[in-house]
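Think of it as A, B, C and D in the order they're written, each chain with its own count starting at 1.
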Amino acid sequence: MSEAVSLGGEPILRTKGLTKQFGGLVAVSDVSLDLYVGEVHVVIGPNGAGKSTLTNLLSGDLPPTSGEVRFEGNDIAGCSADHISRLGIGRSYQKTNIFLPFTVFENCRLAAQSRTPHALRVFHRAGGYAEINRLAGEAMAAAGLAHRAERIAATLSHGEQRQLEIAMCLATQPRLLLFDEPLAGMGPHESQRMVELIKGLTADHAIMLIEHDMDAVFALADRLTVMVNGEVLESGTPEDVRSSPAVQLAYLGGEEILHD
Amino acid sequence: MDFAFFLIQLLNGLQYGLLLFLVASGLTLIFGIMGIINLAHGSFYMVGAYLAWSLSAMTGSLTAAILLAIPLTVILGMGLERLLFRHLYQRDHLYQVLLTYGLILVFEELRSMIWGDDVHGVAVPELLNASIPLTDNLSYPVYRLAISGVCLLLAAALYFLIQKTRLGMMIRAGASNRDMVQSLGIDIKLIYTLVFALGIALAAFAGMINSPLSSVFPNMGSQVLIICFVVVVIGGIGSVKGAMAASLMIGLAETFGQVLVPEVAGTIVYVLMAIVLVWRPEGLFGKG
Amino acid sequence: MNFRAADYLPWLVIGLLALFPLVESTFYMQLLTKVLIMAIFAMSLDLLVGYTGLVSFGHAAYFGLAGYALALMAPQYEAVSLWWSLPAAVGICALFALVTGVLVLRTRGIYFIMVTLAFAQMLFFIFHDTKIGGGSDGIYIYVKPTMKSGEVELANLEKIEHFYWLVLALMAATFLLLRRVLGSTFGRALVGIKVNEHRMRALGFPVFRYQLASFTLSGALAGIAGYLAAVQYGFVNPEILSWHQSGAVLMIVILGGMGTLYGSVIGAFAFVLLQEILSNQAWFGAAAKHWQLALGIFIMLVALYLPQGLAGLLRQSGRKAAAETTDE
Amino acid sequence: MHKNQKASYDRREFLRGSAAIAGTTVAGVLLPTGQVFGQQAKLKVGLMLPYTGTYTQLGIAITNGFKLAVEERGGKLGGREIEYFTVDDESNPAKAPENVSKLVQRDKVDVVIGTVHSGVVMGMAKVLKESGTIWINPNGGAGAMTGAACAPNFFRTSFSNWQSTHALGKVLKAKGIKTAVFITHKYAAGEEMMEGFKEGFEKEGGKLVKELYLPFPQVEFQALLTEIASIKPEAVVCFFAGGAAIKFLKDYQAAGLKGKIPLFGSGFLTDGVLDAVGDAAEGVETTLHYADGLDTKKDKAFRLAYAKTFKLQPDVYAVQGYDAGQLLAAGLDAVKGNIGDKAGVIKAMEAAKIDSPRGPWTLSKSHNPVQDMYLRKVVGKENKVQGVAWKALADPARGCKA
């Protein structure tokens, strides 16, 4: 796979006319967007705008009704979630999705194991793979959880659990990260830590972020997409979006979402 | 098989299917609304049959026996829900399987202690004890037709109850979102108790009205149980409509299977179930 | 805390069990053989229920299938060799589990429970209604399999102590095999699937393939137990793949404590011996006639008050003891 | 045996003794208690019969019959007192080898008596062939027991499935019936009864136009009754027992077939069910080795003694249990209670001529009764004897090489 993909080059992920219908309801309609390594692409919009559905289409949690998703040049629309993950896309969920009864280390170890499964070596102890342990350790360190390695995930604070979910994503060595409201339910201090964490990842990842916290949005966004009713209303640099009349009229103007 | 006999077999199949529906409808309600796997459902069928037998022996009339027995089974259902099943709503299905498996053994032994291990016949009510001639040597028992009629009536009543009444609305809401219903100030516990009692009463009632046809014997419940599970799964868990469709399907498959391919008759319904589930894992009328 | 003792405990138990034929008579050795066979069966199910999060209510299908496989492979009055008949029976079970697994793993929750039951019932009726395996009457295996190396007889399975040792060895092997497998990356992935299937998928694990592998392994191990059960009494009939059998083994797994392996062994002891005791007329007289009542109540109590099973009880008291010693 | 092991064994034996007493109380007999350790050791008799489940009543009748035979001999057989060991076989073939092992290995009985269910009988055969324990089967008619699986230590005092329907061929022929349909459950007993009938009927020139089977233990007959109506045979022959028999007789009547197509069967169709079926069985004709109103001296005496002791009316099962006791007595008397002389016991039993309530009978070479088959007709609540359908009918014992 090409390592040459970088800022200003080819997009690592490109969607064209991506659409998802649930029965008669159109949740995502004709969405086209590009994601680049080194960029944080934030998607905002009111509840029910189709942001999470869009993430699910990219991660393979849902199959699209029509349209195209190209990741590093290959069409991955309709591929299964595990397949897409193995291609190099990691994601976090709106509602924390981790292994609560396991230790922090085991959460990350399992995640790292998904890259080097050794599924057939059933007689070899799981803890005995240096490569997997190293990846898990690095992911914990990157997410700032190294000191929590032996804690049971269920006993972590909410913010730490969200950090752990990101650590697990990192342990799978993705090139594209999809974060669905990583700051949800966090206090100001925790939020700040998370923003720093995400900033630190931008250099060698493409990141798509769904977020409501506007301070964080403008602190992180290299590119901003506004969705309303499943459609892309506007997409561009934060400045472009801010100055877009359509956005101002429909969204930024009267509504208080921005100050949420 | 000529055409006349084909029609008669069709009638046989439908009649058998309707009876299956009566037992299975209670199961699917408890299943779908409360999320409880009740293996002991067949035991309530058996309890109904034994009550019908012992009470009709006492009163001399099956009708009187049934009228007496229905409240008894409702009380039994409510009592069991309060005492046992209530503790299992939040637990894994595994424990429901286990508890109700134990309950089968308990019911079987209590039956043995109270009523003994003999086989008993129950007399068909005098009024319905007749046959309608169909061919020169075959006639159709009126009682069988009457049962089919009762089954259809009950199916209609169930449909009305669930789709058109306030209670039915609450039941449907409870099935889809327990917390939401509770926040609306509806007493979900009471609804569960009622649904459970209704399901139990349906199974017991099926045992009662079928007792003159099936006679009354130990372990009669487990024969019915498994086939009812098949009905529920094919129809889609919680769907009364699905239970009706699946019951009729199975009734016909078993009837014609017995006549046309006796070697594999027992296997047919399970093959049918496998096919349906591969095609639609949530059953014919299940919500995915 | 010193848990080193726990590492040696299985070996100690196996060693003690191996000595049993030296002190006890035939009947109790047979009873113990039955316990050990059920322990293998229960461990195979624990792999599914306790470690993969799949509640199968049709596990007797694989148990029974292996029994029938032996009965049908064995010529009526001649001995077959264990060396090929056991692997063949187990292989058939694995194959059947693989095929049914592809179908049943499309479903979840209640549906999974019911569909596994349906497949077991299908098999039940195939053997019950057709002549393949003697119909509802079953078939007899008149001669037990042989274990020979060249011309040398390694064990004579007609002797119950030899058979007992074989069963014990296979039980120990199953236990160690599963412990190894569950400690591997494969095993960890299974537990991950049990805890959070969705997350596993999002991490890139092909969940279905893992589940299918687990289902197949579980079916194969149940086959070992079924084969041994058929050898022990020399008889198979559809009852051995009935849903009662599936229910009983599920009961053993939960009673013992699921997700612990050794719990399955404890559960097998408790369940089989409990049945034996409750139905013992010498102790309970006429009440023994209704032994299933006591068993039924017992099962219900376990479901209500002992969800972690006997193993959970042991762990609890172990923890309590540990807490007390650290307090001092 | 080790020394301490012996001690523990004795305690178990003692416990067993009290079990036997408890067991007999259930059955309604009170044996003299005490004297567990007598001068001459007691003869250990293992009763493996159904004491729970559908066949409970049969198990009790057989037990009663056997004990009556023992009581008539002063509670002794061959001069030895009897100690009973009971195992409830639950009519479960899957548990049969295990259950019989309890008697043979744990309790070390000298004789095994049992059982009702044919499948369980075959499970017992497996174990008892190996152990060589003397075994008297007071009911289960599995052909193989005295056929392919026969053994010198196997005896039966009841019937073979084949026997119970074979005479019907002659009966139908005598009534001028040339075509028939056979209907039964699909299991070995049903198929053996079908074979027995088919052979007898075709020998007489009749034609069995269709065999109808229903999976055991299903009782939904409607489809098959419709099938019968469409075939229009001259007679229907069947084998059902217990609950299935009740249901079949009632459905046959309700379908309007009764009175249109005469119904015949093996005697179990109408035994012990007449109270439950009402008039649905009236006029049905069956063959069996016992009947109501035989009116022999032996039968009257037996019925009186049985009714007096147990406050119950005896049936064919009680007779079979009673004869099991008589047969064992004949064997033990010959060796003066020395059960160790197995060959002697077997020889005496083979030669015995049993004076049974059903009429005198002897054993065939394969140890199955050679007996008269009666034709009976249901009149009111009785299976009234119509005459002897086949004098001294012997099972062909196919495949028995012993």
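We adopt the following convention: contacts are C-beta pairs under 8 Å (C-beta built on N, C-alpha and C of every residue); 3 or more make two chains touch, one makes a residue touch a chain.
Being a predicted model, the structure only gives us computed values, none of them experimental.
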>> From the centre of chain D, which other chain's Cα mean sits the farthest off?
In response: A
> Which chain lies at the heart of the structure, taking centres as C-alpha averages?
Replying inline: C
> Any idea how many Å lie between the Cα centroids of chain A and chain B?
Replying inline: 50
> If you average the CA atoms of chain A and of chain D, how far apart do the two points sit, in angstrom?
Replying inline: 76
>> From the mean C-alpha coordinate of chain C to that of chain D, what's the distance rounded to whole Å?
In response: 37
> Hey, how far is the Cα centre of chain A from the one of chain C, in Å?
Replying inline: 44
> So which stretches of chain D touch two or more other chains?
Replying inline: 52, 186, 215
> Which residues does chain C have that touch at least 2 chains other than itself?
Replying inline: 125, 128-129
> For chain B, what residues touch not just one other chain but two or more?
Replying inline: 112, 265-266
> What are all the touching pairs of chains?
Replying inline: A-C, B-C, B-D, C-D
> In the complex of these two chains, what residues of chain D are touching chain B?
Replying inline: 52-54, 56-57, 186, 212-215, 217-220, 222-227, 229-230, 232, 242-243, 246-247, 250-251, 254-257, 260-261, 273, 276-278
> For chain D, which residues count as touching chain C in their complex?
Replying inline: 2, 5, 9, 12, 15-16, 18-19, 22-23, 25-26, 51-52, 86, 88, 92-94, 96-98, 101-102, 105-106, 118-119, 122-123, 126, 186-188, 215-216
> For the complex, which residues does chain C have touching chain D?
Replying inline: 23-28, 30, 34, 125, 128-129, 134-138, 140, 142, 233-235, 237, 239-240, 279-283, 285-286, 289
> Which of the residues in chain A come into contact with chain C in the complex?
Replying inline: 59, 61, 80-83, 85-86, 91, 93, 97-102, 106, 109-111, 113-115, 117-126, 129, 132, 168, 172
> Contact residues on chain B for chain C in the complex?
Replying inline: 31, 35, 37, 39, 84, 87-88, 91-99, 101-106, 108-110, 112-113, 226, 229-230, 232-233, 237, 263-267, 270-271, 273-274, 277-278, 281-283
